[in-house]
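By letter and in written order, the chains are A, B, C and D; residue numbering begins at 1 in each of them.
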Amino acid sequence: MPIPAPNLYPPFNILRLSHVVFGVKDLSASRRFYVDTLGLQVTDETDSAIYLRALEERGHHCLVLSKTDKSDVQSLSFKVFSEDELDKAHDWFKQKGHPVEWVERDYQGRTLATVDNFGMPIEFYFQMDRLAPIHQKYELYKGVKPLRIDHFNCFSSSVDESVAFYNEIGFRVTEYTEDEESGKLWAAWTHRKGGVHDIAFTNGLGPRLHHTAFWVPTPLNIIDLCDLMATTGYVSNIERGPGRHGISNAFFLYILDPDGHRIEIYCSDYQTVDPDLEAIKWDLKDPQRQTLWGAPAPRSWFEHGSLFEDLEPKQSDMAASPIIAP
Amino acid sequence: MPIPAPNLYPPFNILRLSHVVFGVKDLSASRRFYVDTLGLQVTDETDSAIYLRALEERGHHCLVLSKTDKSDVQSLSFKVFSEDELDKAHDWFKQKGHPVEWVERDYQGRTLATVDNFGMPIEFYFQMDRLAPIHQKYELYKGVKPLRIDHFNCFSSSVDESVAFYNEIGFRVTEYTEDEESGKLWAAWTHRKGGVHDIAFTNGLGPRLHHTAFWVPTPLNIIDLCDLMATTGYVSNIERGPGRHGISNAFFLYILDPDGHRIEIYCSDYQTVDPDLEAIKWDLKDPQRQTLWGAPAPRSWFEHGSLFEDLEPKQSDMAASPIIAP
Amino acid sequence: MPIPAPNLYPPFNILRLSHVVFGVKDLSASRRFYVDTLGLQVTDETDSAIYLRALEERGHHCLVLSKTDKSDVQSLSFKVFSEDELDKAHDWFKQKGHPVEWVERDYQGRTLATVDNFGMPIEFYFQMDRLAPIHQKYELYKGVKPLRIDHFNCFSSSVDESVAFYNEIGFRVTEYTEDEESGKLWAAWTHRKGGVHDIAFTNGLGPRLHHTAFWVPTPLNIIDLCDLMATTGYVSNIERGPGRHGISNAFFLYILDPDGHRIEIYCSDYQTVDPDLEAIKWDLKDPQRQTLWGAPAPRSWFEHGSLFEDLEPKQSDMAASPIIAP
Amino acid sequence: MPIPAPNLYPPFNILRLSHVVFGVKDLSASRRFYVDTLGLQVTDETDSAIYLRALEERGHHCLVLSKTDKSDVQSLSFKVFSEDELDKAHDWFKQKGHPVEWVERDYQGRTLATVDNFGMPIEFYFQMDRLAPIHQKYELYKGVKPLRIDHFNCFSSSVDESVAFYNEIGFRVTEYTEDEESGKLWAAWTHRKGGVHDIAFTNGLGPRLHHTAFWVPTPLNIIDLCDLMATTGYVSNIERGPGRHGISNAFFLYILDPDGHRIEIYCSDYQTVDPDLEAIKWDLKDPQRQTLWGAPAPRSWFEHGSLFEDLEPKQSDMAASPIIAP
């Protein structure tokens, strides 16, 4: 099953991924990780939640830490172009039979809560409180110097079906891994904002969130973070990397937060605004698709993910990846 | 006169800047500069022209060197979203009374040649020959490792009028410099593709091309280029920098090619896809708008630019910048 | 007058430069500069002095800020190989007719205070309190991430005479600038510890201290410091750079502390342990000796320096440098 | 058995490691690796040998590739301070009962060939042909931009005995790993030139050469080399890294040449010229000693090494490292 042609005239205009809400068990432990270590900026803080933004962002938050009993994910949020587009989204999801609800979210305008084709909770809004720029307040740059949220990566029990759904609402595939034998997609990267991806899907027990990525200036900031984490009690939270992905060509590091939510630190992918950009195909048997330099990912990287609140994932019928660190 | 509100529903959909054609007097000297020193890749070469692309681009060319008797600029080119949008562009320019012509351009589909509100030659196309990706052929990365064309910067005899025109066709202002006394714009940065600019305008004898910029991975590549140019006969071609711009926050270097065409090497600006992004205003009297670290630009940087073929520029009625290196 | 042959068997064994004592008028302003901005580590602090070390150093201090009424320099200090060598130094200076004195210095063993051939106060010791390593406490790395003191640079009214003196006590010339017309040295770089210099001399009103340099990991740390200083009230303290020196090949930045003491941030010079290393000669007329990339140094860089306590400098009889920014 | 006190007054003055001669089976394959990929500079080339230097070196060679039938190592070479010191070395080795021989080596002055306490072939010389500096010919900088040879690392069947021997001839221990149970040294790093090591020893079947290291400017050059090797047919020659060593604090990459000789690409260790520098002790059970960030080294890294010509290694009586990648 080949990847679908990009839908250049989608039913509503999604601008970009926006933010994620993590259920975390210990706000102070999460704060130490995201604020003191990674360097995200607190924009609001209560007994039950911490709102964070990265350094070049002007929207109020890209990550919300919500005090809960469980380490889960509450929803993935996207920003649409305008209020009109939000209404079009509402109507489209409703007409397709997805549950739709207008929800109140602090610091946001009208917000649509719905689910994707596998029941994964997603939200759309068109307006969020705007904050004064801080990208030139260099005294705030600490940790890994996170500049912006870059993408989500989700486990899917059928990447073909996930891609078909997100393609229909305008996400364009930039790169993908195919299982040559079955002809099925193993993984796919899809974008709205002009980079390699806003959201990607990888085969496995899904829906679960594989990771959330933050963009940083250069690979040296990632090396600095490794040094910092390795000497401040976080050495076992470094899961994979640093290295260069074959897919996306990005320089990466994967780390785990105190609840096991996986964060990718990411830089150096490429611009994809051309609608006639040809997607790049990778063979599932090519180990360089994962790490250009050849080092395999650890088993945990293929298996561990964050559950969504109140959503039971189901197993994929594809076999496990043949390329897993022994 | 304040900057206009962004036109979120422009008459046709421009994707991004695409390429520029430089008239050069000595192709071999230009080749030594752009290919052997900067590291651009040759995609075609004849006795009269050299076509070049940067390392992450898949379109055939981002820079064309055309053998001429004069060191001038033939046109600035932009890619539109589709053939339909190209036709809309044609009709819009025609209806506005601009000269329009369908021209043949090698490696491109149907191409519209027209001029902007000051007669500056601009072209639009929707299709260019696509080439195989080379962004992971690391043996090709040399010189400054140019990844993509980033923007044009033009002298304008009235930045207010230039901004009004380009805003109407969808370019959104991200940052601008205002002369507090007259209330006029001194300079403005406008984008389509989600960075700080695709095209910027600065007050002066115009229309002339101030510079064309290429995006590189990190500031260290710019330092490498300085070292290389300084020891291969190009020390006097280094005009300004390296440094950090206040405006755009980018790390920059300005160099001059053998014909005096100015090239900016550029990295590290920020993402601007939100339609509600507030433009950042700078005061003409603030020297940090130009160089965050305080060093003034040399006089040549304010005065020198490339002429467009057969186009006589006219003087601006604003005074010269008060902030020029003595 | 050519540079002298290196004295491979000097009268006593100096290991390296060690530290400098700056007279400063406002300890809290100096603390904000050296600790909060540059990132040096406080190892002791009283009402009248702050002791600082850089991140890979294990000796107690490389810089002492001493509260005084005047912004001056109290002495330049060097570490010798052993107590025996310290006694040899004492005897040598005494025999040469220099004033010698055993002085008490906190955190140091026996310390010899004397002066060089022009009366510049210099001190020697063999033992300083050793502190636990902090070079892997990455949470301490801030500002420009200073790793170690690297060198002193002094104005001298006769560089030929300064070089003759320091050469005799074992400092070896690595690079030098000669005035082709007079055959006199304009500047010279001399080392003990295996880098380009522990102490350098440049023509001018002397003795005065031109600057003290700190070694940092990479040029990117210097760019980070520029960004930080430019946005925390120190933009006018950035005097020159960043850039690449022709001489030494190092990447540099010159900044001024609140008292006007000049600090160089420095990295990337080369190893010089071979006793048969040929010194590199530069012509005073070659602007690339100063900045490989061609940018001239500002006039202040040639003229401003720190006075030594109670020492009147005298003018050189050489003309001013022909290469000074207009 | 504790590490010995440094011998501050050794019998002769060794300056630094100098070079190594590798027996290689295919000179053109080795040339492609060392010259075209790593970026070492050819200083002489015949049918049977290639002489190489790194970019800041002025001696004629730091690596000699010698065409042989076997992939072995012919000798490790060191430079002494003067001809006098060479004679002292000769006499000392002779008096200790080591075989001594004056040998002819191209481009070197008088050269002493002898063996260490385990029969490992080592050579000493005081003079090598000096070449013009190339460290500012930036067009030559390619590949990983190797600046200088940094150190050797050898397997030893008794690190305690190796350290005792090399300590006696003046090498000072900077860091070491001890097996807490037996009290024996597992590994030790010893220097002459003021960095963390000129030669290190690690427990195992010895004498064998574990690796030879080259110093490069920054971690980004190591990332560039990974990208280049991964896309030019060398992906399986990347053995370990990149990463940060706990020991030495250096940033590293281990690669294998076409004959299996291991090369370390290395930067960012620290200065060690103080004779009272306290050696840093690591516990064999601490995995961060190897990789600060926690990733284990692969088994091959503990087991594979290069044989010396005509020298049968013997097994250590210590157990294998408890910390080996599964």
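As a working rule, a contact is a pair of C-beta atoms (placed from the backbone, for glycine too) under 8 Å apart; a residue touches a chain by one contact, two chains touch by 3 or more.
Owing to the predicted nature of the structure, the values given are computational and were not obtained by experimental measurement.
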| item | value |
| --- | --- |
| Proportion of interface numbers common to chain C and chain D (over half same, under half different) | same |
| From chain C, the most remote chain by mean C-alpha position | A |
| Comparison of A-B and B-D by number of C-beta pairs in contact, larger one | A-B |
| Between chain D and chain A, distance of the C-alpha-averaged centres to the nearest whole Å | 44 |
| Centre-to-centre distance between chain B and chain A (centres being mean Cα positions), rounded to whole Å | 33 |
| For chain B paired with chain D, centre-to-centre distance based on mean C-alpha positions, whole Å | 50 |
| Residues of chain C touching at least two other chains | 136, 218-220, 227, 230-231, 292 |
| Residue ranges of chain D in contact with chain B within the complex | 136-139, 141, 218, 220, 224, 227-228, 230-232 |
| Touching residues (chain side chain C, partner chain B) in the complex | 218-220, 223, 226-227, 229-231, 235-236, 238, 242-244, 251, 288, 292-295, 326 |
| Chain A residues within the chain B interface of the complex | 8, 15-16, 56, 58-59, 79, 81-82, 127, 130, 133, 135-136, 147-148, 193-194, 217-220, 246, 249, 268, 270-271, 273-278, 280, 292 |
